[in-house]
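Here chain A shows up in two complexes: once beside chain B, once beside chain C.
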Partner chain A sequence: MIRPARGGVKGGVKGGVKAAQRVGPSWRWVHIAGSPGRSNSPARVETDNGAGMTQADITVGRRQSAAAGRRKFQSQEMAIFAIAAALAVLFAFMLPGFATINNMLTLARSVSVLGVLSLAMALVVIGRGLDLSLIASMAAGAATVMALQGAGYAFPLAILAGLAVAMAIGLVNGWIIAFIEVPALFTTLAMSLLVFGVARFAFKSVLVYPPADAHAFLFLGQGKLFGVPMPIIVFAVLAVAMHLFLSRTTPGRFTYARGDNPEAARLTGVDVRRDIIISYMLAAGLSLLAGLVSASATASMNLQIITGTMIFDVVLVVVLGGVSLVGGRGSVLSVLAGALLIGVLLNGLTIMNVNNQMQDIVRGLVLLGAIILDNRLHPRDEETARQGD
Partner chain B sequence: MLKVEQLGIRFGGVVALDGVSFSVAEGEIYALIGPNGAGKTTLFNCVSGLYVPTGGSVFLDGADISSLKPFERARRGMTRTFQNLQIFEHMTVVENVMAGARIHEKGGILAHMLGLRSVKAQNAATRRQALAHLDQVGIADLADQMAGAQSYGVVKRLEIARALATQPRVLMLDEPVAGCNATETAEVDAVIRDVARMGVTVVLVEHDMHMVMGLADRVHVLNQGRTLAVGTPEEIRRNAAVIEAYLGVTEAADA
Partner chain C sequence: MNSPVDHQKTATEPRGNTPVLEVRNGSKIYGGVHAIENVSFDLYPGEVHALVGENGAGKSTLCKAIAGAIQLSAGDILIDGKPVKFSRPGDALAAGVSMVYQETSLVPTMTVAQNLELGNEPLLTRFRSLNIQAQQLLQSLNFHVEPTAYVASLGAARRQMVEIARAVKHQARVIIFDEPTATLTPEEIMHFFHLVEDLRARGVAIIYISHALEEALKISDRITVLRDGRHVITAPTRELTRADIVRHMVGREVIQERPQRLPAASALREKVLTVENVTMGTAVKNMSFTLYAGEVVGMAGLIGSGRTEIARVVAGALKRNLINGGKIYLRGKPIRYRTPRQAINDGIVYITEDRKVDGFFETMAIDDNIYIGRLATKQGWTFALNAGDRNRIASELIRRLRIAALDSRAKIIELSGGNQQKVVVAKALAQEPQVVIFDEPTRGVDVGAIPEIHAAIRKQAEEGKAVLVISSYLPEILSVSDRILVTRMGRIAAEIDAAEADEQKIMYAAIH
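Our next item is the complex of A and B:
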C-alpha cells in the first residue's frame, strides 16, 4: 500500500532547521509492500518536527514486547517470595540453628533497617529516580540527633533537627534533579560524597555516640513492644503506611504516573518537578528513621557507612523485588520480597561462616543478575527516558 | 475560548514562528496545516506551554496563560496529545483515563490511605466516568487490559480519552490519525466531532488533508513560521498562495 512520508530529515532540532529552510511542500511517497497499515509496520517513516521525537512505530513495537514480558512475569515479587521460601526451607534442613525463633528475629531485625531504606529507595525509583545518597542522609541525620542529645537538647528537638538535615539533603537533590535536570545517579552520588565530608568535619570524628541516658532514643533500636523488637515494628509500620500511600492516594498514584511517563503525567495536570523534589525529601526523611533505628541498636553511628556497600544492598532489595529502575513499576510487596530474600541469603551465609569477601561476591552477582533481568523485562523506552522537559 | 496573539519563537538564529495569531471559538474544530517545518508542532508546543515563546501571548477564556506551566494549563482546562503516543504503559487502559481525572479529586491523603467511604465512592465515580470516556472513543471493552499491550489505533484513542478525563475546554491534538489506517482514521474523526459537539474547542495538527478538509470548521495554513492563510476548508482549497505552497503540489504528487 502507499502511504505518505513527510520530510526525509530525521527529527531533532537540526532536522527542524533543515526542514524550515526548505521551500514549498516536502511530501514524498513511500511504497510499502504488504504493509497492513497499522502500528507495527516497521517501514513507516516518521519525521517532521523539531522536538527530537522518535519513531512512533518502533516505540509501539518495543512497548508490545515489553508488555509480553510483563505478562510472563506479572508478579516478580511472588517469584522472589517463592525463591526466598525455598532457600529458607533448604537452610532449615541444612543449617542447625537457622529455623529457630531467635534466629528468625535476628533475621527480621537485620533486614529492618535495610527494609526502611528500601522503602525510601522504592518511592524514588517508582517515580523514575534514584537516590544513592540515602545512606548519607541516614548517617548524617542520625549523627545530628545523637550529637544534639549529647549537647543536652531534648529528644524531640534533636529529632526535628536531624529531620531538617536529612530533608535538606533531599531538597537539594530533588531541586537539582527536577530543575537543573542533572541525572539522579550523578546528583545523589556527588551529594553522598559532599555529605560525608561535611559530616566528618562537623562531628570531628567518624564515630558518633548517643549519651548513655538517651533512653527514648535507645528504645528505638533495642527496645521491644509486646516481645517484638522495635526495628521490626518500625519497618512494619512504615511498610504499611507506604503501601497505603502508594496504592491509595492521589500523590501515590501520580508517583507511578510520573515514573511511567513524565510527559503524560505533566499533561494530565501533575506538577512533575515539585513532586520529584517532594519524593527525594520523603526518601531522606525515611532514611533518617532507618538511621535512628540503626544507631540506636548499636548505640553508635559510624559515618564510614556512607562510603560503604550498604547502598548496594538497598538497590539490590529494590530491583530484586521488581521495582524496575525504569520507573513506574513495583510496590511495597516488592520491597518485602527483596528484603526477605536478601535477609535469608545473608543470614544463611553468616551461619555457614562464609566470610565477608565471599558474601560480597554473592551479593554482587545477585545484584548483577537482578539488574540484567530488570533490563530484559523492562527495556528503557528512549522516547520517554527524559525526566525533565 | 482560545486566543493566540503574535506568537513568535526563535531557536538560535532560526525564526521558527513569527507573529502567528489566531482565535478559536467554543466547540470549533480548528486545524493547523502546513508543509514540513512550517512550525505547526512548534506552535503547538508554545500554546500548550512546553516551549516558552520569545514573543506573544496565549489567552484561555480571556485570561492570559502565557506564563503558566503545562500542568497548570491542564488544570485550567487545556490539554493535548502527542504525535508520538504518551500513555502510561504499566497501567490498565481505564487507569490511564482515571489518572486524567485525578486532578479533580478531593480528599486528604489520610482519608485516602484509610479508605474512607467518601473516598471509595469517589474512586468508583472516577472509574465510571473513565469508562464513559472510553465508551465515547469506542474502546470500553479493553478497559482492564494493560495499556502497553494495545494496538496503535487503540492507544491513539486512549490518549484522547485520557485528555477528555481532565475535563478540558481546549483539546489540542497533535496528528491524531498519523499512522492510522482508513478505518481507524474514520473512528478518530467521529470521536473528534463528538468531542466538539460537547462544546470542547479542538485544535489539531494533521497531515491527512482528506480528513482535515472534511472535519475542520476553519483551517490555518502555516508556512515557514508565518501565517499563509486562514479560512474555511472551501476557502483554503481555492486560495492561490496555499495551492502554490502546499496543496497543489501534493495533489500533483497524489495523481
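Our next item is the complex of A and C:
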C-alpha cells in the first residue's frame, strides 16, 4: 500500500545530511579534527580531507579534539577559538605590550564579569530561552547587598538577601514564560525595565556604594589569590561548575533536551515548566555573582547599566561561541570561545587607541555576523521560536 | 472489475461532450513513493464528481495537482481538451480551476470583501465600491454574509461561503471541494448541498472529495474510487451502492499473519485501563473501552475521529485536557493526568504519531535518546549522569528492538526512519511501562522495519503489558491486534474481535 505520509523519511534524513553539509565548507578542518571518534560518517570525513587544508589547521584541530575527548565535536566554538588565536598572534606581532603576562591578566579580568553573565545566559539559551533581564537582576541584587551592608547587616546575610532579590526576578520571569507562555524575549525585556524602575525607587539614587570597611566584599573584585585577580578565579570556578552541570548531570541533560525539542521533552516525562523556572532562577543567581564582582571591582554599582548595552555583549558572547538561539546547542566551551574572542578584540582595539564609538561599531558588526551565522547553521521557523512546553 | 473506459459514453454524462477537465495517466512521486500512479480522471460541465478513498489513497494529491498547488511527475492535465501546465495555483485560477481547501485559505484579519478581492487588488482600492461589489456577489449566491465583517468573526460554514464566493468571482468553471462538510453542522451541510446544486445548475463542474459516503452518494453524478494512489473505478452514482464503494475502497489483497493468541493471556483478563464515558469537547464523545493485560488492542478510525485525542488524554499528553465528563481508571484507581510525567510515573507511556515533531532529540546520540527516557522516570532519575547505565540500557534495547546502528554514539538523525522510530520506542520502553500506547507506529517507516516494529508491539503484550495501537493502516491493525476498536466522530463505533475482523468490517464502521 502506498501511503505518502509514510514516505517522508527520506526527506528527513536528507535534511539532516544537508544541514551537516552546509556546515562543511566554512569549517572544513573541524571535521578532520573530529574524525577519529566518528567512524560512522566516513563519507563526510573523506570529502573534507581534500585540498585546502593547512598543517596549522590540522594541528589546532587535533589539540582541541584531544581536549574535547570523546565528546561530540562542536564546530562553531572551535572556529571562534581559532579566530581568537589568530587575532591574538596578529596583535602580538603588531602591538607592543599585547603579549605580556600583565596584559593577558588584564584581558582575562576584563571579560570575567561578562563571562559569568554569559554562563548564565548560556544556561537559559541552551534551554531555548533568553534572559534580557540578567543585567537588571545583577544590578539590583548587587545594590541590595551593598545597601544592606551599609545598613550594618553582616556580609553573608546581605548576600542571601541579594540572592533572594535576584532569584525572585528569575522566578517571576520563569513563571510567566513557563505557565503563561509569553515569549522570553518580551517577558525579560519588560522585567528589565520594571526592575530598573523599582530599583531607582528603592535605592533613591542610581549610584550605590559599598561601605568602605566591607573588606570581604571588596576582596571579590579587587583581591588576588596566588597572584591571580579574584574576578578571573570566580569566572573560572563558575565555568567549571557550569560545565559539569551541563555535561554530567541529569538536569543539565534535560536542559539540552528542552532546548532541542520542548514538546518531546514533555512527552518523555521531563517537567519542562518547573525546569524553565529553575533555569531562570539559576541564571539570575549567577548574575548576582557577576554583579558582586563588578560592584566590588569598581566599589560602586551604577543602576543605569540596566538600560545600557551590556546585555548585547552577553548575547554576543553566547551566540558567537555557538550557543544557538534555537536551543539545545553549545556548551561552556562556546562561552569561553566567545569571551576570548571579544576579550582579544577589545583589548587589541584599546591598545590601538581606538575610541569607544568605533569599538561599539566593531562589536555590533561581530554580533550581526554571529547571529547571521547562527541563523544559517540552525535555521528555524516561527513555531520553534516560541518557548513553552 | 469494470474497465476504466466504460463510463465515458454513459448516459449520465451530464452536459456537453468535451470534458472541461481531464487528467491522463497522472503520477506524482514523493521521495520515491508514488502518491498517485497512472490515475486518469475526467469531469464534465455541470457535473458533481465525487472522489472517495481511504486516508492516503491519493485524493488530495490528485486535486492539488489539478489546482496547480503541486505538479504531476508524469501525465497530462487537459482543460477543454487542450493540454495545460499549471506551475502555481494562480495559473489554475486563471484557467477557471479553483480549489476550496480543507484548511481555509482566507486571511482572518481582513474583511469578507477584502478577502474576495485578495490577489486581484487594484493599486488603489475604493472600499465603498469593493463592498458594494462583494454585496452583489454574495446576494447573487444567496449567502447571508456581511461584506464588511472580519473573516475571523465568521464560523466555519460562513468562511466556506466566502471561499465559494471567491471561486465564483474568479469565474471558476471547475471547483474542487476537499472535505467540505467536515467542519459543518447538519443544517449547514443541508445549506451547502443546496449551494452545490446551484453551482451545478450554473454549469460549474465540481469535484467533491469526501469521507462521508452517504454524502457522496446523495450529491454526486459520478463517483471515482482511488486506492493506494491508483484508480479503481469510475461509475455513475446510481449504479453504485454503499457496499460496492466500501469494497472498492479496501479491496486490496490482504496478506497477514494473524497473531497467535495465547489462550492463557486472554483467559487472565486482568483489567488494566478503563475509559468510562469520557467526553472531551467535540473530539471525544462518550467513549468507553477497557485495556487488559497481555493484550494488543488496535484502534482504527479516520483521522479526526478522536483516536489520538483519547490516547493523549489518557497519557496526560494533551496540553489542555478539557475532560467534560467521564472517568479513567488504572487498575481500578481513578486517574487524570495533567502532564505526561504523571502518566509515566504510573507506567503509562504514549509513543507519538509524528516522531519528527515531538518524538526524539535530534542533537543527541542514539543512546542518549534512549537513556533520557529512563532518566525522566522517578526510579531512573539520578543527579549525575552515568555512562555505564546509559550503555547498558541503550545496548539492551538496541539489541531487543534490532536497531541497526553501527555506533550507538552516532546521532539519531543519521538513522533511517524505521530505526529512528525504533529509538523512540526504545526511549519509551526504557521507562518500563505497564501500558504502552503506540500512535501510528509505522508511519514513515521503511518497509523492512515494519514487521520488526510489529513484533516489538506483540512482544510487549506477551510480557503482560496492556498495549493500544492506533493506526490508519488497516493491515497493521489486523496483524497486531487481539481486539479492534473502531472510532467514528469521537465515539467507539464498533468493537470487533480480531478473529472476526476484516478490512471491510472496519471501514464500514469507520465511515458513516
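Following the convention adopted for this analysis, the second predicted complex is superposed on the first by the 308 of 389 C-alpha atoms of A that agree within 3 Å, B and C clash if a C-alpha of one lies under 4 Å from a C-alpha of the other, contacts with A are read in each partner's own complex, and residues count from 1 in each chain.
By definition in this document, a contact is a pair of C-beta atoms (placed from the backbone, for glycine too) under 8 Å apart; a residue touches a chain by one contact, two chains touch by 3 or more.
In this text the structure is predicted, and so the values were computed from the model without any measurement.
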Open item on the list: Contact-wise, after the overlay, does A:Ala241 reach chain B, chain C, both or neither (first, second, both, neither)?
Closed with: first
Open item on the list: For A:Arg253, using the defined touch cut-off, is the partner it touches chain B, chain C, both, or neither? Pick first, second, both or neither.
Closed with: both
Task: Which partner reaches more residues of chain A (counting touched residues only), chain B or chain C - done: B
- [ ] Could you look at A:Thr307 and tell me whether it touches chain B, chain C, both or neither (first, second, both, neither)?
- [x] neither
- [ ] Considering only touches as defined above, state whether A:Ala264 meets chain B (first), chain C (second), both or neither.
- [x] both
Open item on the list: For A:Thr350, using the defined touch cut-off, is the partner it touches chain B, chain C, both, or neither? Pick first, second, both or neither.
Closed with: neither
- [ ] Under the contact definition given at the top, report the residues of chain A touching chain B in one complex and chain C in the other.
- [x] 4, 6-7, 9, 13, 16-17, 37-40, 70, 248-254, 256-257, 260-261, 263-271, 328-329, 389
- [ ] Within their complex, state which residues of chain C touch chain A.
- [x] 30-35, 37, 55-56, 58, 61, 228-229, 252, 317, 319, 339-341, 344-345, 350, 352, 356-365, 368, 372-373, 375-377, 381-385, 406-407, 409-411, 413-418, 420, 427, 431, 442-446, 472-473, 475
Open item on the list: Under the stated contact criterion, what part of chain B meets chain A in this complex?
Closed with: 11, 14, 16, 35-39, 41-42, 45, 48, 50, 69-72, 74-75, 79-91, 99-100, 102-103, 105, 109, 112-115, 119, 146, 148-149, 151-153, 155, 162-163, 165-166, 178-179, 181-182, 207, 224-225, 244-246, 249-250, 253
Task: chain B-facing residues of chain A, complex - done: 4, 6-7, 9, 13, 16-29, 36-40, 44, 46-51, 53-57, 59-60, 63-64, 66-68, 70-71, 241, 244-245, 248-254, 256-257, 260-261, 263-272, 328-329, 381, 383-384, 389
Open item on the list: Looking at the complex, which residues from chain A come into contact with chain C?
Closed with: 1-13, 16-17, 37-41, 70, 72, 248-254, 256-257, 260-261, 263-271, 328-329, 389
